[in-house]
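Each of the two complexes below includes chain A, the first together with chain B, the second together with chain C.
Let's look at the complex of A and B:
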């Protein structure tokens, strides 16, 4: 054992400790300040509760979108930049179907087919909200998932499969190309105009929701669906043969192949689940937001990546936790900093966590 | 900067309805020279158009290509040389025109223009992105003079570029126009795009820009070598209008919720200082980022102290989300919201799925001397009413065409030096009613002053408007309705 090594080890240890200590001190200071603000009345509990709720909602949005990304990363071994545009694909295809059904007899077929590209019948006229047109909205959800799966499989067949063994970087670059192609194809069909596709959400008052006068039903639908889907994925990975194969493949692909796992079939299943989740996520995000744009997924992609990397890329639980942290940071940081800085806070936190744990929060725990 | 409200008159339902009758862009069948002064005798109608087009097909072949590099002297003289073979026709033209050329009421023109070269104008507007909903109609307004002058024989080359409501995309689009040799550009729309475009692309390359929609006060004193003009007013005025309105309505506290760019920040500052001067209290000033997934938490911050009034300064794509989130979580029926020109979008209530009854707004109004002719022309061409800044865009392009013809060449500096000459007082009045005639007069070297659709279009030393009109509008499910007008003069 040489002294040089010892010295280096100690200094690395101390620098890591320093960062850790700084994080703890900062967290304590912020927590104390939060208490002070509530005590002095400069921040009401209602406002803080509102921030927390919005943080959880945003976090679930990122999480739902992030699971698919994390799955394709861990099993296919590349960062899929077209994931955001799969969200957009799901949102547009699903809402087109919802509009076609709900708008029958009210709006022109062309206006319904192109999702109001001509500014046709506004969603209020169709009463396109979850209690008004539940069947249309459910049909849209199913189509969003199915069509996104089909498109992802087609893209995999044409673009990714020939590149399967080419390594992460060519696949990544190819996925950026796929992302652009998807987005501008959607723009070509639907135009790049922002527009609303859902009517205002009904409010639901009930003593169960003691903290608020009325719950936004669309938001609640999104939250419940996201939670159910996350639990479902957990069960799938833990208790099914497919889930075991997926985890085996993520851990060691060669070993999985030797053990007789049909890798190409698992890859297809991964795409189907990942893309299906992306399509559903895009559809539900639009249900919650009410407006749709071709940049829907692309603008979310950076935050989704942040969430996934923060949680430990490749880990699905990491993606969920990371997403909640990012969502909460963006919203609760408004207590201290102006809104134009809140994404900086989220990314700053991500960098800080990665300094302490370069593999991400759940990165050490293999896998999925 | 002694600006004050001079006159305030209620003009309920002024709307877009105006002159009846049709407008046609009829040209002469006779091959004409630049010296044919046009007569505008009002006989142009749709039926004439085909014939006119046919006639002009011949005219374009009339030696223009070979004369592409002719010098100023020739253009000013009306290019007699090139059209020598058609003087008989021109003779009749002149006879007809004498009695009519000053009549301001013609709705159609019979003018032949041939200046022996192409007039190039670039149009740089956001047809996609955050401002896309407003940018499309503004672009339509900006290219309308092209449609109007079609069939007069004037070779007009209007090229459109999209800024995507994005500074980087705007800079490269502007560079593309500059590289292609366009000496004048109608654009851009967002102040945050216009400012870098002017300082980094237009001024260094000596290309002149007239923005129809960039209202940021900072543009007034921008170091642009006088290469940036605008046909819309500075928000230094709009902030005062908003504060006066808030004060009159009896609001004591206000919050400002504004887009985090030049337009949002500067208009917000202008409102805040004017409102505080009138004794109001500003509880929160919150900047927001464009096109975010959710604005709920940011709105919570802005509305923290229960202000009487919240001003929202932004663009439609973000506005849809902001108002959706507002009506989902915050609508207590007590807070009034005041928006500005950026959110004057007919489609907003439909997209928000709320009639937005608690929202009022201010915006520069197109109330120029010749607005009716413009409105009629716009409706005929596009089948919809003109929106915010469309008239300003028409005026910008029209002034660029006139200045270009006056300059005698596609040179940015020369165009710049002729803008005030053709737009400001002294000279024969020209405008949307008789644009072709105006171009023809300028080609003959006559002095003109452009009276626009949006305002009188008099540029001051900074390239700003000298007198403008604001409107106060409200929303309904049918769109935007003007309820009041306020005149401002420098």
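Let's look at the complex of A and C:
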């Protein structure tokens, strides 16, 4: 008996070591190859800087979206598959408002309300970019957050609250249903057509951005908004009574209940924060991409899950770090592989990390 | 006047009935122990008082007010504090944050009460900024009691506070409970360590298979031939 256990232990140990060794060898080979490419000139520093910047942009927005996913997991205790469609909700509602404001007098109200479902007035005509219509875009951002919060609270009241004690699996399945319902409700209103809604971003050249001639202002907007919101969430969680009670409930829901923490109020706060950030993330993604589609959030959900799991599901800091790793991986991997395969690199990396650290990078270190 | 009065209580979990016609009282400032074999329903009595079980019959009153079937967040406002046996601190919160959560229902953090808990358990002040998950078993138990004392309860219910403690810490723990009681807080204690619990308390109940078996002063139960033979191992 003990020899069998010993054998299992040793083979597990060696396989773990093998994986570790492989990771180290692969990292060294890639790093050397990167140096070689830069030295021979087949990869310019400018291109590498471009990939790194895009990685940070993607990573921060995924992180913003991942915070809510991680929080619903740790506080409501289920994997929320409708989280991606909260991004879509934010994107559509926010850009509708941006269109209503920026397109006043240029396009019909109905066309603006349905976000160009009729193909009318293209975004260039509205000059819908951050420097052209800053107020419309800011108003859209605020509405994206608020409306997504309202929708999430309504869904919680109708769907999740009656299932509160049903366990993680029924809640997960319900959330898949919510995802489909939400997405096709959006399709019903806005049609499922992919369309352009923002004008291309202006460039800003400044010596601060030494690696590039000019930085994309929309991307800069994303980086700044995401960073500010993340710092805000960190302060809220660590230094306010609400934040402390959220961490307490993530730790132990039963104990929170007998301590007198109003658990339903904490659940509402969780939805407000998670959905608000998801709505903003969806809105900002469209600001960068320029186009909007009903599958926006659904297609990103897998990457966001990968980021959150890589970081250690349940930890918001893990979600942010995991998202930055995923963002950097899908962009920097373009040095070696074509862009329609770069997600393979991200998911492959996630698998490798989980083989060595099954609980994720921050798992078991810090909840909520 | 009885502070806590449990009368003819039938209670359990879902369909499963654990308690059958349990009667129990804790007077103001009294120290009462519940002992009995495993599975007798000792913890279930406490959970029922705190609204964590399904009450099927009987009634529970506290200070003359009916609290049968009320929810935990209401019961905590009536002056009952409860320390469950396991997982009774928030591991990722700091020691101080755990205490602050104990006073969640108050408007502001009551600094004087935090200081009073620190005075009672000085080790908690030393570890104030440390995560509760890094504390030893005995320190966790102190933190859990401190958290329950933050609302200055009239009655403190402790579920097996000596469980899992090193033997030399057990009597220290009982001393602390004595002091809490001496300061005027009524104590209801569930214990495996029956001898110690009965030696310390004013009155004790022996619970067997969800029913009252014996009730008397702690000393009388300790010296009762039958109780000794059946429950105290001679």
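Annotations for the structure displayed:
In this section, the second predicted complex is superposed on the first by the 358 of 368 C-alpha atoms of A that agree within 3 Å, B and C clash if a C-alpha of one lies under 4 Å from a C-alpha of the other, contacts with A are read in each partner's own complex, and residues count from 1 in each chain.
In the analysis below, contacts are C-beta pairs under 8 Å (C-beta built on N, C-alpha and C of every residue); 3 or more make two chains touch, one makes a residue touch a chain.
Since the model is a prediction, treat every value here as computed from it, not as a measurement.
When the two complexes are overlaid on their common chain A, residue A:257 makes contact with chain C while staying clear of chain B. Annotation for chain A, partner touching more residues between chain B and chain C: B.
Looking at the shared chain after the overlay, A:248 reaches chain C, while chain B stays out of its contact range.
Contacts of A:58 after superposition: chain B is touched, whereas chain C is not reached. Contact with neither chain B nor chain C is seen for A:109 once the two complexes are overlaid on the shared chain. Shared contact residues of chain A, touching chain B in one structure and chain C in the other, are absent.
Chain A meets chain C in the complex at residues 241, 244-245, 247-248, 250-252, 254-262, 366-368. The residues of chain A lying in touch with chain B in their complex are 47, 50-51, 54-55, 57-58, 61, 119, 122-124, 192-196, 198-201, 216, 219, 285, 289-291, 293, 295, 299-300, 330-331, 334, 338-340, 343. Chain C meets chain A in the complex at residues 50, 52, 72-73, 76-77, 82, 84, 87-93, 97, 100-102, 104-105, 147, 151. Contact residues on chain B toward chain A in their complex (touch as defined above): 128-129, 132-133, 260, 286-289, 291, 293-294, 296-298, 300-301, 304, 316-317, 320-321, 324, 327-329, 347, 350-354, 477.
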